[in-house]
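Order of writing sets the labels: A, B, C and D. Residues in every chain begin at 1.
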Amino acid sequence: MTAKKFAGIIPPLCTPFADDFTVDTESLRRHIEFQLDAGVHGVFVLGSSGEVAFIPDAQRRVVIETAVDQVAGRVPVLAGCIDMTTQRVAEHVKTAEAAGADAVVITAPYYTRTHVAEVDRHFRLLHERTALPIFAYDIPVAVHTKLDRNLVLDLAEAGVLAGLKDSSGDEAGFRFVLKGRRERGLDQFSVFTGSELLVDAALALGADGAVPGLGNVDPVGFVLIYDHCRSGNPLAARREQERLLTLFGIVDVAPPSRMGRGSAALGAFKAAMKMRGFIDNAVTAPPQLPLNDDELLRIKEKLAETGLL
Amino acid sequence: MTAKKFAGIIPPLCTPFADDFTVDTESLRRHIEFQLDAGVHGVFVLGSSGEVAFIPDAQRRVVIETAVDQVAGRVPVLAGCIDMTTQRVAEHVKTAEAAGADAVVITAPYYTRTHVAEVDRHFRLLHERTALPIFAYDIPVAVHTKLDRNLVLDLAEAGVLAGLKDSSGDEAGFRFVLKGRRERGLDQFSVFTGSELLVDAALALGADGAVPGLGNVDPVGFVLIYDHCRSGNPLAARREQERLLTLFGIVDVAPPSRMGRGSAALGAFKAAMKMRGFIDNAVTAPPQLPLNDDELLRIKEKLAETGLL
Amino acid sequence: MTAKKFAGIIPPLCTPFADDFTVDTESLRRHIEFQLDAGVHGVFVLGSSGEVAFIPDAQRRVVIETAVDQVAGRVPVLAGCIDMTTQRVAEHVKTAEAAGADAVVITAPYYTRTHVAEVDRHFRLLHERTALPIFAYDIPVAVHTKLDRNLVLDLAEAGVLAGLKDSSGDEAGFRFVLKGRRERGLDQFSVFTGSELLVDAALALGADGAVPGLGNVDPVGFVLIYDHCRSGNPLAARREQERLLTLFGIVDVAPPSRMGRGSAALGAFKAAMKMRGFIDNAVTAPPQLPLNDDELLRIKEKLAETGLL
Amino acid sequence: MTAKKFAGIIPPLCTPFADDFTVDTESLRRHIEFQLDAGVHGVFVLGSSGEVAFIPDAQRRVVIETAVDQVAGRVPVLAGCIDMTTQRVAEHVKTAEAAGADAVVITAPYYTRTHVAEVDRHFRLLHERTALPIFAYDIPVAVHTKLDRNLVLDLAEAGVLAGLKDSSGDEAGFRFVLKGRRERGLDQFSVFTGSELLVDAALALGADGAVPGLGNVDPVGFVLIYDHCRSGNPLAARREQERLLTLFGIVDVAPPSRMGRGSAALGAFKAAMKMRGFIDNAVTAPPQLPLNDDELLRIKEKLAETGLL
């Protein structure tokens, strides 16, 4: 294996639900087709945008199996194995393997107070248990630990990590990882940004790709950014990214006084996905709160403003 | 039901493991007998001290079943149903019900960014699904949300919550809850502190009891504090609590530069439990790190210093 | 010097202003007389409640001079020397010395990112520059550093610190300081709580006294708690403290959506002080926002409810 | 005034001290000449890198006067007016005016717990008091408040703010400010990044310039980045920025276990400045700790590695 395996736009797919909060597999399949039609280079199921924190284990399995079946090898399927500590994550990894995922995505431990030496041990133990490529998922807003950049590079060098999805918002730290990758000759280590509003900038820094939550709503836009960057047209990439900045305003239509930022963002993504015909039902899992009619109207306006409706 | 159901010392039991990290049920049974012999008024399994964040679901079930069987109705068994969001918690509640627990203990949502209105909805939805008494578990160090005191009182008044375990470290806020309980006439709402170094103070403020992690090591000490407080002997209670302050030094024998505070505390509790003969094996679950020989020696010295060895 | 110098109730005096935000010295003098009439055992000027962060240096000097002159030796006057780092604090210490203060109160460095070794050096350097007793002021909500308890005890043992005002809200840590003081025989080291809602509890743990912001509004109440505790009547102390818990509700009449918690608390203290006739003008310094009429009315009701109007 | 007034590389000058921590004006003048020779487009004195938090007021004045005198109108001189609240900042603004600064740089209030409405009032009141252009300084690591991006734009639109120095590390938020500036037609509002490791990226997003602390050590590098970006050579800019990433390693030669991150970074900057002949004395103000010989050696190596020695 000499070629790099993962690159491009790999959206963290939202998980459509029926009214009883079971996975709406038909909508999921349709959503995947919209994504593949848009030219995405992979899909990531059961990430934070996929409401992984809200989905019981049996339903998580359904999500991976459905995605693997629908994608049918056309692009890689990454599966989030999100849980608090090693043994619990290991069970999700086993599920992902059985379901045919191409890679697993794993965060630092959480709920417990941890330490860099424990994060190190966590990833090493999980690597021992699976042949699947492991992506480290750096998401301090959820797990309240920032991955140490030297640890990430050491684990890449040791063959423990195949990639990084950096949703930490620390772009300077991200740059150090890219620099370290080059200096250590870790060409096969894939580095993705989760900063969906800075994809053009991240690609300019040398990132391999992006995992943009907003790609659920407008995958074409992110693929365009990627293509513009690869063809040496940074200004066109920037223009496209700035349109998506406007679109991102949908996550703020519900005010912080009324609901959590998770509810607001995922509710907005799903509402927009429904308006665009990707899924049938915009419901988010409990205890998240639903958007109201006024908020939905403003989402519709944003979609119109950005040429999506 | 007019009498208050829960009061006294209810230690959050550590979960003894075999070397393969399955539950050592024999040690768990023996540990429970030591606790009951010491006069504790209940046991709480699968709390943070019980390494709930580290235990796969099937093994969690074993813990509850073993505890319920061993306790055999002598005191109430509370079971932690610790997970990120409503549906996942609901599955643990179902398990706890099936296993015969007397109450369930539930935190605010975590991993996701939440909101007081969502925390409210979370507890209400879970109450709809179970007849078991629900304790709210306020532990911001783990879930990064502090429970709002007015929400707690409103949920108590609505019959959603049967009790509170406050491990927030916010003693002034705790006092507001106690005051609100009295003013609203919520006599059956049980209020426990998790601040194991301030049990005498919390009881003096009007708390019903305590859930002290250190009770795994010295349950007799905490029962003494409780008895002294009830018999109007605050000075004796304080003396006992101060001895336990010394004992608590065991959680600091491993330095923060070497491991997380969770590893250090749980490793110390388990090591001391083993030295006292409560359990056979002091191992903690991965990715936690083990104490070294020097650290174990210092734990032994602390046990001697406080009259436990 | 064998007797302990500082004990009892030492309120952190609010600083009354004229409409142009210069110090209203006449009101300050009257306020001090109300405090001394109530039996307080010292006064602390230029603390957080004294809006020290808002007052230019020349006006800070006026506050200390006025307080020293008005108190005229009846009780000790402590002066806050609140600034970011050593040299800037040293200038305030010099002013306090010149103005005749009996002790100075100093926080950890802030604005800069600091370290325990630097906090240590900070207090040692300041001690070298003054013969005045130094109180360490532990207030992480303002300076975003928690004082290390072992550092505090080491500095006490080295004669650098004469006392501690603990407004950290960490009552367990406070207890460790009290325990360490006893174990190290540091009888002359004065330990005060700033947790105004837990004064009875702190005294029961062995604290020497309290520095309660709410004492600006009801000094008699806090002196009563102190006297009840000293005369072995904890239940009467608790009853009084619980009345003050109700009174403390004034800090919440202005909602967090409208203004900062500082504006709300200091605005409420000053409004209540004015209603009680202690000061002429309830204005707080910019950029703090004023309370509105409805909020003032609710403060009046709280004063009536707690027997103060 | 139709042209934009501020653009380019404006380093936040370190303040050289004599051994008694008074300002070494001769070194300051020499350092400024090195900066101007390198082609910087302005200088910013008394920022965080200038140890403003450590310098008494009289010495702060010396810094501004010296800089204004030495620069002699060749580029604009921005002066940090860093203090906790409005009235205290106003005094610094008055000093800056008297000393001839071209603009003042002001943070959100700190020490006190504040609110967006109070931050708004803070800047408006200060604007009423001075004709100097005001830059908002967004530096949550120091003041623990993030400036709200809509507030910044509103204040720009109201003519209160002339510019922004964004050291928040939130590049997505920075991009929203740039977008809002364009949409609102605020062409004269200057937007600078303080993210010294992402200057090329920030310029690509549309920023007017940068305020890089590392520019104290290598101003030529940052001017090159600026020039490359303006002449449409992003790859050359990136290469230069990556060299500076390597150089930035000097801030990590002293480990976090030994000193604060402020001591480590400012100590490293000053040591490098001395090695390069810009200043005579690398001492930092108390209570900061000095670097040791081994750490200084590693700084020298980094300078050699990056072509500066």
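Criterion: a contact is a pair of C-beta atoms (placed from the backbone, for glycine too) under 8 Å apart; a residue touches a chain by one contact, two chains touch by 3 or more.
Since the model is a prediction, treat every value here as computed from it, not as a measurement.
**Student:** Shared numbers divided by all numbers used: is that above or below half for chain A and chain B, i.e. same or different?
**Tutor:** Mostly same residues: over half of the interface numbers shared.
**Student:** Nearest whole angstrom, what separates the Cα centre of chain C from the Cα centre of chain D?
**Tutor:** So the centroids are 35 Å from each other.
**Student:** Calculate how many whole Å lie between the centre of chain A and the centre of chain C, each centre taken as the average of the chain's C-alpha atoms.
**Tutor:** Whole-Å distance between the two chain centres: 49.
**Student:** Which positions in chain B are in touch with at least two other chains?
**Tutor:** none
**Student:** Hey, how would you classify the chain contact layout here, line, ring, star, complete or other?
**Tutor:** ring
**Student:** Which chain A residues qualify as touching chain B in the complex?
**Tutor:** Where chain A meets chain B, its residues are 21, 48, 53-57, 82, 84-88, 91, 109-115, 117-119, 121-122, 125, 141-144, 256, 258-263, 285-289.
**Student:** Per the contact definition, I'd like the list of chain B residues that touch chain C in the complex.
**Tutor:** 169-172, 175-176, 179, 195, 197-198, 201, 204-205, 234, 238, 242, 245-246
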